[in-house]
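A, B and C label the chains in the order they appear, each numbered from 1.
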Amino acid sequence: MFFNVSFFLQTAYDVLSGIPITVLVVLFSLAVAFPLGLLLAIVREKKVRFFSAAASLYVSFMRGTPMIVQIYVVYNSMPMILSAFFEQAGIKADVFGINPLLYALIVFALNTTAVLCEVFRSALSTVDAGQMEAALTNGLTEVQAYRRIIIPQMMVSASANLCNASIELLKNTSLVFYMTVMDIMGIIKTKAALGYNYFEGYTLAFLVYLVLCYMVQGIFRTIENRMKRKSGRLNSSPGGAKRHA
Amino acid sequence: MCRKAVPAFIISDERESGELTMGQFDFFYIFKVIPVLLPYLGVTALIAVLTLLLGLGFGGLLAWAKLGKNKIAKGLANGYTSVLRCTPSIILLFLCYYGIPKIFGQFGINLNDIDQIYSVLVAFVLLYSAIMSELIRSTYEAIDKGQFDAAATVGLTSWQTLRRIILPQCFYIALPNLGNSIITLLKESSLAFTIGLVDIMGKAKLVISLNYGNHALEIYLALSIVYWVLTLLIAKGTKMLENSFRMGRRTAGNC
Amino acid sequence: MLNIKGIRKSFGENEVLKELSFQIQKGDVTVILGPSGSGKTTLLRCIDFLEKADEGSICVGDSPEIHFNRATKKEIWSVRKRIGFVFQNYNLFNNKTALENVTEGLILARRIPKPDAEKIGKESLAKVGLGDRYDFYPNQLSGGQQQRVGIARAMAAKPDVILFDEPTSALDPELTGEVLDVMKKLAQEGITMLVVTHEMSFAQDVANRAIFMDKGVIVEDAPPAKMFSSPKEERTRQFLRRILPGDFDYSI
């Protein structure tokens, strides 16, 4: 038959157990990348002697190499690095027994940090330099200025780009099964291979990611509306990216 | 171009988990393998160029629909963009790879033995036309409508206005985003190996399997260097183009 | 010279121009005044076919009457050929130099050969005081300089009348002077001008005719001195009270 509907429905049910893994990778990466990316963005802007250059290099590398290559590099190097680390620390651990999900979390956190660094950098540039000057002359320390004045303003212009970055992250997680992690794609591929139901399987994958993506967009829209109501600003995204349709 | 083979990842999974127990990490291997991989950049470049051209073309049509008055066309174009923006490339690749022969099979056309590159191109053109349509649309909207008015008052026809005034400005405005899109295209094209295409990634996978999984890390590092250098070159090139097309520098002291 | 009859324009429900008619004689420097929303800009834009008026006709010189809502492309060009337009936001072609801005229309629309066009262009630019900046791009020029290029572009082909749509509204106060000076110079040379503006000094010093518009109709039409010192209509009086400096009541 042209389209194996029973396979489709059955696998749709099985896929549900893979969704938490995808969500975990996305949320973990965002949770780690948000503060780290923010820190990196500020470090790059302030041109701290060694760290700014190192940060630039790091970001350049993460954004200049394909995700799949990063995945392979981490997947192939992490066990070695970890076993060396464990040897040093004298811990006896079975490096090969480590859940590959850990490596997935590492590589996506690293990548997302670099991406968010750039998002925050451009958002930072939309905040007028005079804000910091006003804060300092009013007695705030730099840290306080960032926390109470600069960063809140940044977030308004960053929100559109953050949504874009989250969607890219979600799409990239479709590659984790190359690290043998059983996420949505992993489950679909395994089941599809049994009966050569590849077309149905990938159609299902396509729909699942579509739904997840719209949910992400919905969440961001809610957050943005909440922010707008709080700060009472009109809808403007100076320097921010235009939201796609 | 290689014949249809078992998708590459299956080979690699088995071998690579074994890699860790044998073979030392050889730093210099990275540089030894780069010359082996570089020739296959040609395939990558071919895909990139074709996708760019076709994507710009189809994307232009979509942008035209989005900017026009026909509500149905606008809705379809926007819907298309929205859906494709949420589709991971790898899924689209596999969908085209399996789906195209299947769909055409219903009409009695046997496409089971066509080269993978066609699936790759279809998938990427679909994806990139969505991106390009947004680029073109936002660039067009960024042009001050007053330019059209002024051109009308001095007597230029619509075509003259478009060609001599509007499009050159569009090009300049679009440059940074265009550069970014090309870099993204380059990175996404790295997934073409999953359906068996032998571009630089595909070749790397072949080398790894020929080595029984040895030196996989070195080879992947070599790949990352190649891609990184390419990305930096594209970024540099875009910057240079921007500079030469700037049409008047902002000098200090001018309003 | 310019005869507008019965022009009507609505934007949706909103009737912006309510059957206006007036005539401009050669050499007239006419100022159009009025509160925002009175339709002044729309009137100018309709005359040059930047907006399509719903009803009405226009006659330039002794050419046939052309109806706004039925004009063919040829008819539109026959009008535009004889009208120059200066925009509030200058609307210089951003990717062209000052000289190219002036010559673009000459070369493409009027088929003037490039060397001749450039000569005309340079003369035009020299007249507005920018003879040495002809290869500058708009973003290298100040607002006042950009507007002067706009004026040079409008007058290069020696049109019968030049329309000015709030030419100094987008400029910083220090820069309006240089533009108004150029406009004064043009007026003194006898060029027919129709100017929508809030610059009362220009109206007083340079214009020989003032038209006060409100809510889409011409309320009053008189020489500026007369209108400012003894306005006939109450609406005109109210408007002038808000706009003019207090001591005007005593002059002339």
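Criterion: a contact is a pair of C-beta atoms (placed from the backbone, for glycine too) under 8 Å apart; a residue touches a chain by one contact, two chains touch by 3 or more.
This is a predicted model, so every value here is computed, not measured.
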*Moving only to chains each one touches, count the minimum steps from chain A until you reach chain C.*
2
_Per the definition at the top, count C-beta pairs in contact and tell me whether A-B or B-C has more._
A-B
*Taking every chain's C-alpha mean, which one sits closest to the mean of all protein C-alpha atoms?*
B
*Round to the nearest whole Å and give the separation of the Cα centres of chain A and chain C.*
55
*Separation of chain A from chain B, taking each centre as the mean of its C-alpha atoms, in whole Å*: 21
*Which integer distance in Å separates the CA centroid of chain B from that of chain C?*
49
*Report the residues of chain B in contact with chain A in the complex, numbered from low to high.*
9, 13, 16-17, 19-20, 25, 66, 78-79, 81-83, 85-92, 94-95, 98-99, 102, 106, 134, 138, 183, 186-188, 190-191, 201, 216-217, 220-221, 223-224, 227-228, 231-232
*How about chain B: which of its residues touch chain C in the complex?*
144, 146-147, 149-157, 160, 164-165, 168-169, 172, 247-251, 254-255
*asked:* Which stretch or stretches of chain A touch chain B in the complex?
replied: 2, 60-61, 63-70, 72-73, 75-77, 79-80, 95-96, 167, 171-172, 174-175, 178, 180, 185, 198-199, 202-203, 205-206, 209-210, 213-214, 242, 244-245
*asked:* Using the touch definition from the top, list the residues of chain C that touch chain B in their complex.
replied: 48-50, 77, 80-81, 83-85, 87, 89-96, 104-106, 108-110, 136-143, 150, 153-154, 172, 175
